[in-house]
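Look at the two complexes coming up: chain A is in both, with chain B in one and chain C in the other.
Let's look at the complex of A and B:
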């Protein structure tokens, strides 16, 4: 017998399939590179923010240092490609695994910290990473690395003429992270994570392995964030520490989830779909001349949504919480 | 070569800068202790104060040092206004309160940056002439740049005044009581919102004082606040969230560690020393040096 809960979960899958189908068809009629660019960034941030959501939304460990894992992914695939000729697909996997390992190593001491002390530690670790990369001569220091683009190729994952291949990869990544979140939500880990988020002490007294739960969430979250980083490096074909590892990135990864609905299955995607086009459009239509109108508008939108809809915009359309308690 | 003179020079510049960091962090710490809010627009408050100083210098042709109390007063109004207009709404959130506060203040920070770009363009500005700019004092062969020395003294004075305010005045006692239990103070006739607004005003005034003095020897631009804010977060956490005088000690430690790592490592990596000390301290004492 299918319970209401199982029905709702099945409906989520159907909605997801429909959304993916629409997203596959969406760019087919669009030849404008500028719009394609916005689409790529939108699905990329949906994927990144969902990855962030796994650790910070579901498990409640607010990280504002995910730029570290993003940067590690970007540099791992790029260094392996530029220095050793290893194709980015292997570099991507290596970056993901390396970032997950780093997340476990720094998580070991950091997960003993609570609340703001943890969040500041994540910021500090990302800043240390930024400074190290800025001073690492092998990785090009502040001037960064250029990915050689010889022509359109899936082997080296570089495309000159169209942005569409990048779009479909990013869409695939967003779909995979969504599916992973979907399955975790109803698994042992999903319940552990939410228990840790809601009340760590109570969770512990009920036998939840709090520390291992946090470590697992951090590893999964860092892995997918790094994959996103490798993707971004291929997409822009030039990286430097200031473009892949700055604090701003950490905030940008968190923002869609917060705007859409933190700790929910659809929050990051909804947030990215609203925020990223808005960011890009205000930047190009209001950003001219460095007058700061784009910043004023963008900042005001973030502020108003945070104040008016603390549960996120998703709560406007859903009556019940999408995730079971 | 590390000689005794070199070492005392490093310690002195670290101490002076550290006291300025403490002054920047004081307001952040005060606000956090009062109401558990981390203000992500703190660096933008500093930037606003620097531009306010710059503007007043241009208009009134007075020295930044004379203008510093006026700038602090202006920032008091700005801080109280931000509380009344924005933060009071963020405090009402029932769900994910922490993130709402982070992003409400982060949004505010971006708006302030935009306004600064609009009013002053992204160009770098500096105050060309002031009494202290470029002056240096020497004490037993140890050099002290006059603006940094003034900043350090202003910081000590401000912490002294803050201590008197908290221990000797009714407002200070109201502040202390609200800090202990914001819910219960309403029962004894303290208007919680008024105390919070005053706290925000006071916090912004402290960072305003720091901004006025910083503008003597630092370039002014819309993004100037960021790095200082990051140091302030680390300082506040190192001292123990909410412990204002912990922030004083932590500021000095941060300044000295920075000066040492700039010499031992290299200037471009000096922040790593600060971050390493932060991590080391919180790993050993998860509530900072003076947190409860």
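Let's look at the complex of A and C:
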């Protein structure tokens, strides 16, 4: 029997397919490079925030240090490309696997910390990563690394004339992370992660291996975050520690999910669609005056959403299930 | 009758307090055992030792042929020990069904099979029509049922119930009693910690009374309630029979 549950799941897939179709068509009529740029960033942050959402939304382990994995991804593919001539596609995979390994090593001590202490540890570890890269001479120290751009090529994933290839890659990444989340939702891990988030003691008593669940969530989350980092390095073709590993990135990965709906399938995408264009537009139309109006406006919007819809914007459309009579 | 669970000289010290002292009890397969005693008697401590939340200072616990003294709670669940919490710990933002699925996943690999199992358990516990509600929207008695349902979904051999009947109205408590009987009838051994003597006594096959961290009396419920030592422990010296 196709239960209500299975129908709901199928509808999600149909909605996702429709959204992706619209997103594929969206930039075709847009020639403005500035707008194209915003589109790329929006879709990239949807993917990054969805990755963050896996660990922090579903498993409830709030990380404010995902810039570390983002930076590891960016540096891994760039270093392999610049120093060894290994094409970024392999570098991307290597960065993802390396970041997942780092997440497991970091998780080993940190997942023994509860609640806010875990979050503080993630912030500190990302800062340590930043300082290490600022002083690592092989990786260019503070002056960073330049990715050689020799023309449009899918092999080296560099494009000069158009931003569209970057856009479609980012869209593909966002779609893949969405799909991964979708399948996880109805898997053992999906249930276990949410159980760990809701109540650790109860989860343990029901046979959930809490530590192992957190480790798995951290590895998956870090893997996709690093892929996003590699992509970003290719997109901007120049990286230094301040442009890929600062705290701001950790926040920008968390905020879309929080604004849209933390621990939900669509929250990160909805949040990114609102937040990223807003960030970029306020910066270009209100910033630059040196008065910080853009940040005041931006902050105010976040506050209003947080006050009016603490569960995220998605709670506007998700029906609360009616109680039976 | 063979003992499903055995404790051997269990002792726990919290700082200077001897919470459980030299407790050796057995739980027989298929019975409903009541664990009673006045406040501070060590019932909850013993309960948590068996569930794996606390580790004993000394002594051993054997379950179904395994020495489980050092096993963490999740591993005990896998072996067939399930528990409820006195202060309910529902997964609040998940639906009732999803709450129960978490338990069922200990025995099932596929979520589809776990869901089918969960629906069966919801039927037994009378929560079917609330399957899609969020756990946080349940009434307090319904939340108690959910605790039991989740534990049952792990297909336990031994179910530990921590004050599931306390604080219910007489009608609700009566439904609870029927549920516990039903659970025993499907072959699950039950240990229940309770305060409310009048509800528990007709239900249990055997009662163990704890006082000051030690086993005071053990036996059939009718005999236990008349035991002078029990009356003294509950009511004090002046009511010495």
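Structure notes:
Please note the rule applied: the second predicted complex is superposed on the first by the 319 of 325 C-alpha atoms of A that agree within 3 Å, B and C clash if a C-alpha of one lies under 4 Å from a C-alpha of the other, contacts with A are read in each partner's own complex, and residues count from 1 in each chain.
Keep in mind that, in the parts below, a contact is a pair of C-beta atoms (placed from the backbone, for glycine too) under 8 Å apart; a residue touches a chain by one contact, two chains touch by 3 or more.
Computed from a predicted model, the values in this text were never measured in an experiment.
When the two complexes are overlaid on their common chain A, residue A:224 makes contact with neither chain B nor chain C.
By the touch criterion stated above, A:249 is placed in contact with neither chain B nor chain C. Set against each other, chain B and chain C touch different numbers of residues in chain A, with B touching more. In the superposition on chain A, A:188 contacts chain C only, with no contact to chain B.
Judged by the touch definition given at the top, the superposed model places A:206 against chain C, while chain B stays out of reach.
After overlaying the two complexes on the shared chain, residue contacts for A:5 are found with chain C alone; chain B is out of touch. Shared-chain residue A:112: touches chain B; no touch with chain C. Common to the chain B-facing and chain C-facing surfaces of chain A are residues 263.
Those residues of chain A that touch chain C in the shared complex are 4-5, 186-188, 191-192, 194-195, 198-199, 201-210, 263, 320-321, 323-324. Chain contact summary for the complex, chain B toward chain A: residues 32, 38, 86, 89-90, 93-100, 102-104, 106-118, 121-122, 222, 226, 230, 233-234, 237, 241, 266, 268-269, 271-272, 275-276, 278-279, 282-283, 286-288.
By the touch criterion stated above, chain C contacts chain A in their complex at residues 51, 53, 72-74, 77-78, 82-83, 85, 89-95, 97-98, 101-103, 105-106, 109, 111, 114-115, 129-130, 132-134, 137, 150-151, 153-154. Across the complex, chain A meets chain B through its residues 62, 64, 109, 112-117, 120-121, 123-125, 127-128, 131-132, 134-135, 247, 251, 254-255, 258, 262-263, 290-304, 306-307, 310-311.
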